[in-house]
Every structure is written in structure tokens, then in C-alpha cells.
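Reading through the C-alpha cells given below for one structure.
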Amino acid sequence: MSRRYEELSGPEILDRISPSSTLLLPIGAVEQHGPHLPLAVDHVIAHETATAVVDAVGEDLDIWQLPTLSVSKSNEHAWSPGTLWYSADTMMAILRDLGRAVASTGAERLVLLNGHGGNTTLLNTALRELRLEFGLKTFLVHPSVPPAYGGVSTESELGMGIHGGLNETSVFMHLRPELVDLSKATRKVPEALADNRFVKFGGSVMFGWLSNDFDEDGYIGDPTGATPERGQGLFEANVTHLGDQLAEIVRFDFGR
Amino acid sequence: MSRRYEELSGPEILDRISPSSTLLLPIGAVEQHGPHLPLAVDHVIAHETATAVVDAVGEDLDIWQLPTLSVSKSNEHAWSPGTLWYSADTMMAILRDLGRAVASTGAERLVLLNGHGGNTTLLNTALRELRLEFGLKTFLVHPSVPPAYGGVSTESELGMGIHGGLNETSVFMHLRPELVDLSKATRKVPEALADNRFVKFGGSVMFGWLSNDFDEDGYIGDPTGATPERGQGLFEANVTHLGDQLAEIVRFDFGR
Amino acid sequence: MSRRYEELSGPEILDRISPSSTLLLPIGAVEQHGPHLPLAVDHVIAHETATAVVDAVGEDLDIWQLPTLSVSKSNEHAWSPGTLWYSADTMMAILRDLGRAVASTGAERLVLLNGHGGNTTLLNTALRELRLEFGLKTFLVHPSVPPAYGGVSTESELGMGIHGGLNETSVFMHLRPELVDLSKATRKVPEALADNRFVKFGGSVMFGWLSNDFDEDGYIGDPTGATPERGQGLFEANVTHLGDQLAEIVRFDFGR
Amino acid sequence: MSRRYEELSGPEILDRISPSSTLLLPIGAVEQHGPHLPLAVDHVIAHETATAVVDAVGEDLDIWQLPTLSVSKSNEHAWSPGTLWYSADTMMAILRDLGRAVASTGAERLVLLNGHGGNTTLLNTALRELRLEFGLKTFLVHPSVPPAYGGVSTESELGMGIHGGLNETSVFMHLRPELVDLSKATRKVPEALADNRFVKFGGSVMFGWLSNDFDEDGYIGDPTGATPERGQGLFEANVTHLGDQLAEIVRFDFGR
Amino acid sequence: MSRRYEELSGPEILDRISPSSTLLLPIGAVEQHGPHLPLAVDHVIAHETATAVVDAVGEDLDIWQLPTLSVSKSNEHAWSPGTLWYSADTMMAILRDLGRAVASTGAERLVLLNGHGGNTTLLNTALRELRLEFGLKTFLVHPSVPPAYGGVSTESELGMGIHGGLNETSVFMHLRPELVDLSKATRKVPEALADNRFVKFGGSVMFGWLSNDFDEDGYIGDPTGATPERGQGLFEANVTHLGDQLAEIVRFDFGR
Amino acid sequence: MSRRYEELSGPEILDRISPSSTLLLPIGAVEQHGPHLPLAVDHVIAHETATAVVDAVGEDLDIWQLPTLSVSKSNEHAWSPGTLWYSADTMMAILRDLGRAVASTGAERLVLLNGHGGNTTLLNTALRELRLEFGLKTFLVHPSVPPAYGGVSTESELGMGIHGGLNETSVFMHLRPELVDLSKATRKVPEALADNRFVKFGGSVMFGWLSNDFDEDGYIGDPTGATPERGQGLFEANVTHLGDQLAEIVRFDFGR
């Protein structure tokens, strides 16, 4: 049976959504991903991943899939014509409005499934805002399996395949092979960062960056070896992993 | 060839989008439509109509379809748990952000294809805001053919089949028959309004209303006679009509 | 007896304003109207029309005239030095503040009498905002009688005498003859628009425009034949028509 | 010749307004003034004073009178139904918008003639905002002559006739005798404050207050001895004094 | 015993802060003060004055010292690189947030001790905002003793030693002698203003100014005769005077 | 020589601050930390750590210490009277204003030294905002050494000593021993979280929480074994570690 929130009628919302229900909001982006990938990458991956995981565990865990937010805060790509981006203020306003609406249904849990890394810190801030303002239990998950949970390592990218790199390109090739042109891709790894002890992606010093700070082509990683097979493996592992996360989320309580 | 904006890469935006290009933004809504229809009605109709018209005339008229905005300003249904709605301020912020991004592509024309009547006046205000701030030529169209252009009249609804009524229900039955349960629908026409000379839908006195001002079920019209065949006829006429409108829009200039 | 709201004292507000009272807010503008008319046109017409109609029917219908808002959202004339204009955000903030204050009096009905076309869509949006936030019954009327209700047609202007044209100039000549210099006026009708089927004033495609998009002089219409006599006729018909609208407004209820 | 700004046409603004012109904005209020005075007091006094002073010195000093802002920040009277009030944010937004418009005319000086004491500190803040944002030379004056410049002292009110008291009531009786009902007035002087060394009106400790903090009737002063003759004397002295202030303002420069 | 608010624990706030407690917020600034003084002047003076007065009378009067706000609205010095300044909107937001937090403690009185003249009008506006929104009794004091209360006159500066002048420089020399370089100071008194009857500091016409409107060095006054001894005398008199003001503030009531 | 930014004069800012300078903003908080610690904990730690590290490496690395922001976004403690907290919007406005001012000095690097974990995600978002709006290179560091860099592990707290726990209490005992009352502390570790695979502090599922979600006392960790000696060791290691981070930060470039 359908687990798409918007396929319910108004009266059905009252019947079907209860405090034990969890609402899942996929968040995509429409932003430049280099010459080998279309703007749609994060939009597609967030939507397809959410759909697959809800198909897999939605019925068992009482999860409802909200319509995918296609555009989000992509201002690190604002320099690139074509990128659609909301300002931080607009993005927060959207989340507040959706949080208020979600809270009116009686559901107590809202999960943000975020396909665009540039949103992560703002969404994390929003988790507390929505908890404080609307009393929701709020969670943030991502569609990628970290290596520690079975994700394939990207050591060849020095851990910096963060935008249009090997794994993202592979997953997208699995989902939309016709929209990828690998012949336009080259290796774009900011090697200099690798020598840093602190100021690097995932380092102890966080830093502000725009996607053209490293290279004018605006992607970061080495997609040259991407394959749909690798993408399929990653995608399926991601879906399984998200299912495990959701199983814990729907049981989660603060214990007070 | 694809006319979906987000299927272009960043460099392709520069190649393919030019001052003669027109960008089309479908705007839906996720809001209660009574017990016989799901929340998705406006989202689906806006998206399907946009897709059909871009498939029909996009290549000839150099039109690009932006990702559909699924949620919008549905505050007349805020009383109904389940409705997802942006405040007027959030909605305007979204449009400003998108207008700024669209203007950066070099395209000069932005068309809003609005599937939710509750947005119309705000979007109309936004047309001028975006023209003034970003220099865009801006347009607003709707997916319904007015009777004067071949649309089927709804005299039986006294011209008040405005939300979940005969035509909307029919079009949606054509697009998603499995999501309609006509057995739950009855006639909900605010007959008293019909006697008014001025204060009525489309009358010379505009008035503020919420969808539960007339009836607690929140829909307005008489969907009981809806059929997918009627819906198909309307939908196809709408697409043809929108194609005609777009043909005029892409040629439009102020003549100065 | 006076029907000017501001002539009441604080304690009289409590005595005289009741749920059956209707408050009328005239909204003007101070904006360029071409070389033949002063900036004050919309301000004067809104104020004089409101005064005349309240003098005529205020006592019978329990209507109170609020002080005229002289300046409003005239951003289509922002290019013209001298135009005083509020941004859309400021204008909405003003309306929210006034709506909150009006609701505190116990009156249930607020009528906006709008003399400036550039406000219409924003005011229409505000009708719902004020209804939702403050529970007011809200209405929007305009000082011009449409042809269908006895207004004189402007066929010679191809239906495009919308800013400083024949009728507006005539009405203003009736009200402030000393402020009109018809010798500076010529015909400024954007004839090219007339051939359009959809993209035109009142057409099915709404479009964003600034008043210098058509002509650098910034007025739209043909005022050359304007006379005070014509203006008097229009003004009086307008007042009568508004009285009829108000009579219906004060009786209006949603019927639920 | 007319010195009303709004009686100019757009082209005349360019001809008549120059860097040596000064624009004068009267700012009123529509707020409770006790049982003996109508809401309009500040609106009327600001407007009439501005008109009289512009009639007297406008031509000589190249001053133009902007339309009176009837409503302003009267939130100390928000407790009293009927008071129309803008929030501090709305009021500042209005001033910014007007400042931007005024700066576009080429005039370099903007004078705020403020009839409502509750605005004074916000307007004073705005003087700097408009100077910084738009480069305007900005000034704030009030319609009352302080004792040091010939104003009649209000020692009997212990210097606390600040809202609906002797002088304000007298001036208003001069301007609108038919709107005053002195039979409803009594002495409302917060005597206890007089013993304070610091915390009092005009004392070295400023303090936040609402008009019902002292007395439920919401006026402060002793209007019982008010007369139109006294009012006329005050009004005429005020106009003369304002003329002197304006003469200095139009010559004022920073000397750098 | 400590009277620093932040040295209390959460549970101690509940025990120690009561309706009879008064909270004191010192407000500094970090802004250019000419070549002879560091940016810190207002920050240091506000902080040291507050500390001294709370040490002197805090225990007796049940006063708690909030952490000093080091930066504030210094936009008259925005032209000078190095000045840290909050916009008027940010400053008001800070005050609202602090007011809300202060009101949650149960204390009824909040005193702003403002070390930067550029804040005065905004803070005065905020007194009413916080009273209206949070029910607090709010007060604004300054660290300088006016001549009428024993402050040393600055006749030699024509009453215009308002920023980096004789008294401020002296007080700062008393507090931080090592940070003053008097050899860089000269007389910077805008003599031309002195001839004005109305438009001058403290005159009846308020005017907008930036600190470089008078002189490119951005200070106003004559610090050349400043001495730490004079500063000590002023500082001690200020502290005594503030103690007297606070004694009246903690007893103050509206008498209703 | 002093490395306190505010001890410079305006002209010295121009002389001393150059593109190779780095500005360091310590960010504290004034918020409940349980019954054993005062509100000042984060304020004191951020300030003392910043001072120590600037004393150690400021001269060598051309670093300038900005005045400490004492209050920040502590809304997870809004439930506890006494906590001073800025909303997310206010906090972002403060950072934008400071970023704009910092950029005006000519310095290219701004480092946020954040003492309050509740700010981390918002500050991380701000890094990009300030980079995009003002072109600054922006960095975020924290005063605690992570275990991987020599910090003492808190295995006994199951990795959850995040607010008022062993290490924070120890460091604060080192800095302000007189303000700690360990007799009021007990073990407050949310043991149930430890069994979670994903939803836990530092887990792969981020979640929204308030500090009273786990326990009404509002602290999280086990401070019972805290000692000043442990605190001294941690503090000194932190300062050394921050010095190393800053050394890398001042050399950091994007390499493009």
C-alpha cells in the first residue's frame, strides 16, 4: 500500500497518521556538478533513495514519504549560472513552515533525508529549532553509507570525493545512466589539502569554501573510474543502512 | 531531446540557455481537497500539465521545464491537518531566490505555471517584483482553459467549482484514477453566494476566505459527476491552450 | 453625524464600534501619472471617493472611515524620481498592523478601498492573511465602476486606459481641475498589445510590467479627450456603485 | 504657489526639486487621548502645523510638504481598542522606503515634523539610518515651542502635561473645537513622579512606560483649563518657531 | 558576595533572583575614537563603571550585573575600518532576546547602562518594546554625570566634547592610561555649530550625522587637556551618581 | 605587545591589520550548566582559551583577538530561567555584521573560537555565508582537544560528557575554582543512548534535543571526579593544540 504522504486525503491524514508515525522529507538540490553530471544529481539521489527505503521498510515502521524538496541551500555553487539556490534564511523558513505543518498531523517524528552536503549544518541547526518550537522529535540522515558501515572507501580520492566524485557519480550512473557523460570528467582532487593536519574536509578545523575555490570546474573528486555497477552496490547498501537507521529512529526516545 | 532544465550540466546551461530561452516553473500544492481526493491534486496537475506542454512545444519554442515546486501558499487550508503550506513571506522568498538564479542563466523570460488558485494573487505580485529586481520578463499562466477558450462550463456548480469540484476532480481522475474515491463526494456548492451581485467568486468585490468558511469538509463544488473522460478532454484542451499562450509569450515584447 | 473613525475618542470606540460595524480603509498612492497629472491622483481619488460614499451610506450601514493611507506599493513607478513607494514587504507589514488594530475594536468587517491598481494583487493576498490571523471578514473594492455596472467604456483606448488615461484624468479633473494640464497629454496607448490574444491587460496571461516598459513618459491611455463633466459622471456612478457593494458587504456572511 | 509635493507631476519633480530643496514630512498618530479628545489629535496637529509653516516660509526656503503620515508607532496605547499603531519595525521600514524615494528626487534635506512623542526616539534613530544609507541630511522637529523659546509653561502640571494635557488640548481646541468635550476631562497628573530626582519625564533616567501604567484613562496632564485662545497663541508661536528652525535647517551644513 | 549574574548557577537563579531584583546590562562599543584613543573606550568605560557601581550598591539594592555587551550600534563610525558595529535591526534583536531571557528569571527591573551615545535613542525605543512585550520595568542610564549633578563642565569645548573629547579621554586615562597617546590629539571642535540656535548637539532640532561629517579624523571635542586626575574625579562622581539613580530605580513604581 | 584588537586605535587598524592578519573571535555562552557550575562556564573557557593562545602565538602568527561574544545561541537551555540566549536569526545577524566589519579592515582570515557546542552547526553555516558575502577566509575551532590529538578520553562517561561533564568541569575548576560546587554534582549519563548504533551523540543520525530531554537537571556527563589538575592538563593541551591549528590556518590557501 502507498506510503506517499500526499496520496492521502485530508480525512485520511487524521486516520492514518498517529503519534507512532514517522514522516520522511527527502531534500535534494539542483546545482552544478561539473561537466559530466547534470544539475539534478542530488535531487534524483535523494528522491530515489527515499522511495527505495520507504518501499522497503515504510509499512513495517509506519513511515510516510513527504514530497521531495527539489531545491535547497546550494550557495557554494551560486557562482555557476544554472544552480538554483535558496538563501540560508529562505531554507530555514521553509523548514519552519513544514515543521509546523507536520506537527499539526499528530506525528511526533520528522526525518530529514538530505541529499546535499551543503545543507547539513543548517539542517542540523533546524533539528533543534523544530524540536523547540513544535515539540517534534527530529532527525537527519544522509543517503551515503559511511565506510565504517560498509560503504566503499575512496582512498584514491584521498577522502575528498565530496562533489561529483567517484561514488556520487557511480550512484547517479546507476539511477540515470543516460544523463552522465564520463568523457568530460577528469581527476579534480585538491591534493594540497591532503597534507593538512587540521584544515581539510572532515578535519578538526572547519572552514568556509565555495565550490570554485579549488578549481574553476567546480567538482571535487575523481569520477573517472565510476561505473553503474559500483553505483548499484552503493545504492543498495545505502538503502539497507537507512532502513537500519530508521528502525532505530522509530523506537528512539529520550528515556526521560 | 530533453527539455528538463535539471538534466543539463552546469556548462550546458551556458551553451543551451540564451536570451531567447523561456524557463517554465510549475507550482503545485499539497493540501486537503475533501475526502474524495488526495493532498497531491495541485502538485500532480501542475507537474503533468507542464510536462505535457513542454513535450508538445518546448523544442519549438525553446522552453525549459524547471523542477516542480510541490508545496506553496495553501494557508486557506491551514486548519486541516496534513496540508503543507508556506507562509506568504516564505513563498515570496522562494520566488525571489529562484528569480535571481534564473536571471543568472541569461534567459529573459520566466513563466510561472500555477496549479493552486490560492497562489494567484501572490504570484501576480511577484511578477513585478522579479521584473524590477532582476529585469526578467515574467508571466503567470494556469492549467485550466477558461470557458471562453473552449473549456467546459460548470454552470451546474453556479460557477463555483473552485476546489475539488467537477473539473478538477475529472482532470485528476484522468491523471491518477487510483487516487480518487468518488463515493465520498457530495455536492458542496455555497448556493447562498450565487445570489450575491458583488461578493462572490469572480465578483467585483474580492473577499478573504478560508476553505472551511463555507463547509467543514473544505471543498467547494460538485464533483459527483466527474469522469476520467471529461478529465482527459479538459486536460488535452488545457495543454493545447497553454501551448498557444506560450507561443505568444516567447514572442512578447513591450514594444519600446 | 461624523463617520470619521479618528474623530471618535478612545471610550467612544468601545461605545460606537460593534461587531456589526464595518471599517473602510481608503488606500491612495503618490506616484507619477505622466506630465498632465500630479503625483496625488490616486491619493485624492481614493480619499474623495471614500468620503463621498461614507457620507452617502455610512450612517445607514454603520460604516466608519479610517484615515486614508496616502502612500502605497507603487514600485512600477520606482524609476521615476518623485514617486513615493513602499516595498511589498513594508506594505504587507502596514496592513498586518492595521488589521491587528482594527480587530481589537470588535468590528468584524474591514473593507479596503484601493485607488491604486498596483496594489490590487497584494491587497487581495492580504485579505486572506488578515482573515486567518485576526478572524476579520475582509473585502477589497475599487473606486471605478466597471462597464458592466454603468461605467463608460474606453473602447477608444482599446481597453488600455489604465494609468493616467481618459477616465482617470476626467475624474481627477472633476475633483481637482486646477491640478491638471491637459496640454501636456498625448495618446499613449500600447497598440501592439491589442493584437495579443493572451498577454495583455486583463488577458489570460498575467505579466510583470513597469510603467516605463511601454513608453518613457510612463502613462498608459489617451487622456486627450478628458473633461470634468465626464469625470463627474463617472465619480457619481462610482460612489453609487460602491454604496451598492457596501450594502451587500455589511450583510455578507459565509452561511456556515 | 502650491508647496504641496504631491501636487507636482513627475516631470515637475525634476524641474522644481533641486539639491537646495528641503522636503518636510509631517508625522501624525491616531491613538487614544483620553475621553475628552478624539484619536485624531496628533494627526491633525502635525498636519495643520506643517501646512501653516509651509504656507508661511515654504516659498522663501524652498520647502515642499510631503503628504502627512497619519498613523505611526503608538504602541504605548496598544492596550486601548481603537488606537492604530505600527510596530517599531514597520515604522522604520516606512521611513527607509520614504527616505529612498526622497533621495531619488535630488533633494538633500529631509525634515521630519513629528506630532507624536512616542515616535521621537525611533525617528531620531532613523535620522542616522537615512543619512548613512541615502546620504540625506536629516532633521527632526516637533510642533511644540519649548518654554525656553516662548512656549507657555505648564508648571501647574508639574511639567507632566505630556499626553492630552493643557497645551495639547488647547491647541486642538483651536484647530477642531467641535471635537473636544472638556466636560469629560479631569486632572490626571502622576504626582508621585514629581518627587523623583531622576526617574521622571525628562529626568536623567529614561524609563519605559505605557499610557495605562499611570492611570486607566490613559492621559497624562491636566486639560481642565484648556481654551482655544490659549491654543491659538501656542499654535501661532509654534509655527513661528518652526519657521525659525527651518530657516536654520536649510542653511545647515557640516562645515567640512 | 558576588553580584555577577553569570556566576550564579541555574538553580541559584531561581533562589536568588526575585521580583525585587534589578538586572543591570552594561553596553559598550568597539569603535574608532580618533588617533589618541583605542577602539575599546566605550566598552571599557561601560564595563568598569558598571562593575564599580554594582560593587558599591549591588548588595544593598539587590542588583545583578549582566555580562557586558561589548559591541553595539556604532554605525556613525561605519566609515572607519576597524569599527565593529551592529545594524539597528541586529541591535534591537539582541535586546529583545535578552529582554525575553531576563523576564524568565522573575526579576521585574532591567537597567541598561549605556556607554555609547550612538545607542541612546534606539535603547530608549527598546525600553518601551521590552515593557510591552515582556512586562519588564525598563530603565536607561549613562555613565556620565551631567553638570547639573556635579559633572565638570566642558565649556571650553562649547558643550561639544561628545566623542573622544576632554572628559571621555580623561576618564579613559584614569582606567587604562597605557592605551592613551595624547600626543596624537588636537582640538576638533566644530565651532561653526556653536553659532546655531537650533541645529546643534542638544539643540531643539535633532539631526542625523556621521562622525566623519565634521572632520576626517572622526572625533569631536578637545582632549588636549585630559588628565587621569580629572578622569578619576569624573569616574568617581559618575559612580556615586549612578548609585543614586539606581536607588531610585529599585524603588520606582508607576503608582497605579 | 598587545594583540587585543580593541586596544588599537582607528588609524592603527589601518597600519597594523593587513591581508596576512588573522582575526580571532571567541564565542562564549551564558547558560545553565547544572547545579555545580555557574552560567559563565562557556564564556570563561572561550575567553581564557583565546587569551592564552593569542598570548602564545599571536605575535608570531599575526593574530588579533576580538572582544569575546559572551552570549550566543543557547536555545537548548531556554527552558531554564537565567539562560541568556539569542535566537538563530539574531545569532546569524550578529555574525554577518561582525563579518562585514572585519572584512573592512583588510584582514582576510576570521577564526571563530567557539566555546559552546550548541553554536557549532550554525557557525559552520556562517563560515560559508561570510565567505560568500564578504570574501573572507573563515574557520571554526573549538577549545577542546579531541582524543585523537591527545585529549584525555572520557570513556567512563560513555563518550557523552558533553555538557557540564568531567572534562568541562575540570577545565573550569582550573580557571575559576571558587565558582564550582562539586558537592552538588552527580552522574548524569543517558546510559540508554549508549546502546544505540546510530542515534547518539556523534552517531550517524543527527537528532534534535534540548538539555532537559534527558534529565530535569539539564547536564549531561559525570563531573563527580573532576579536579583542577585534570583541568589544567586539558587546558594547556587545548592551548597548544589550538596554536598548532592556527599555525596551519594562517598558511592555509585554496591552492587555486
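The letters A, B, C, D, E and F name the chains in turn, as written, and every chain counts its residues from 1.
Basically, contacts are C-beta pairs under 8 Å (C-beta built on N, C-alpha and C of every residue); 3 or more make two chains touch, one makes a residue touch a chain.
Predicted model only: the values in this text are computed from it and were never measured.
Novice: From subunit B, count the fewest steps through touching chains until subunit E is reached.
Specialist: 3
Novice: With a Cα-based fit, what is the angle in degrees between subunit C and its identical partner subunit F, given to the nearest 5?
Specialist: Rounded to 5 degrees, the superposing rotation is 180 degrees.
Novice: Measuring centre to centre with C-alpha atoms, which chain is farthest from subunit A?
Specialist: It is D whose centre lies farthest from that of subunit A.
Novice: For copies subunit D and subunit E, work out whether under half or over half of the interface numbers are shared, and give different or same accordingly.
Specialist: same
Novice: Can you give the whole-Å distance between the Cα centres of subunit D and subunit F?
Specialist: Those two chain centres are 49 Å apart.
Novice: Suppose each chain is reduced to the average of its Cα coordinates; what separation in Å results between subunit B and subunit C?
Specialist: For subunit B versus subunit C, the centre distance works out to 28 Å.
Novice: Residue numbers in subunit C touching 2 or more other chains?
Specialist: In subunit C, residues 78, 89 touch at least two other chains, as defined above.
Novice: For this assembly, give the contact graph shape among line, ring, star, complete and other.
Specialist: Its topology is that of a ring.
Novice: Over in the complex, which subunit E residues touch subunit D? Could you list them?
Specialist: Where subunit E meets subunit D, its residues are 75-76, 78, 88-89, 92, 118, 121-125, 127-132, 136-142, 146, 149, 190, 192-193, 196-199, 204-210, 212-216, 244-245, 248-249, 252, 254-256.
Novice: Would you mind writing out the residues of subunit D in touch with subunit C in their complex?
Specialist: For subunit D paired with subunit C, touching residues are 4-14, 17, 30, 32-40, 43, 66-71, 77, 80-87, 89-90, 93-94, 96-98, 101-102, 104-106, 179, 181, 184, 218.
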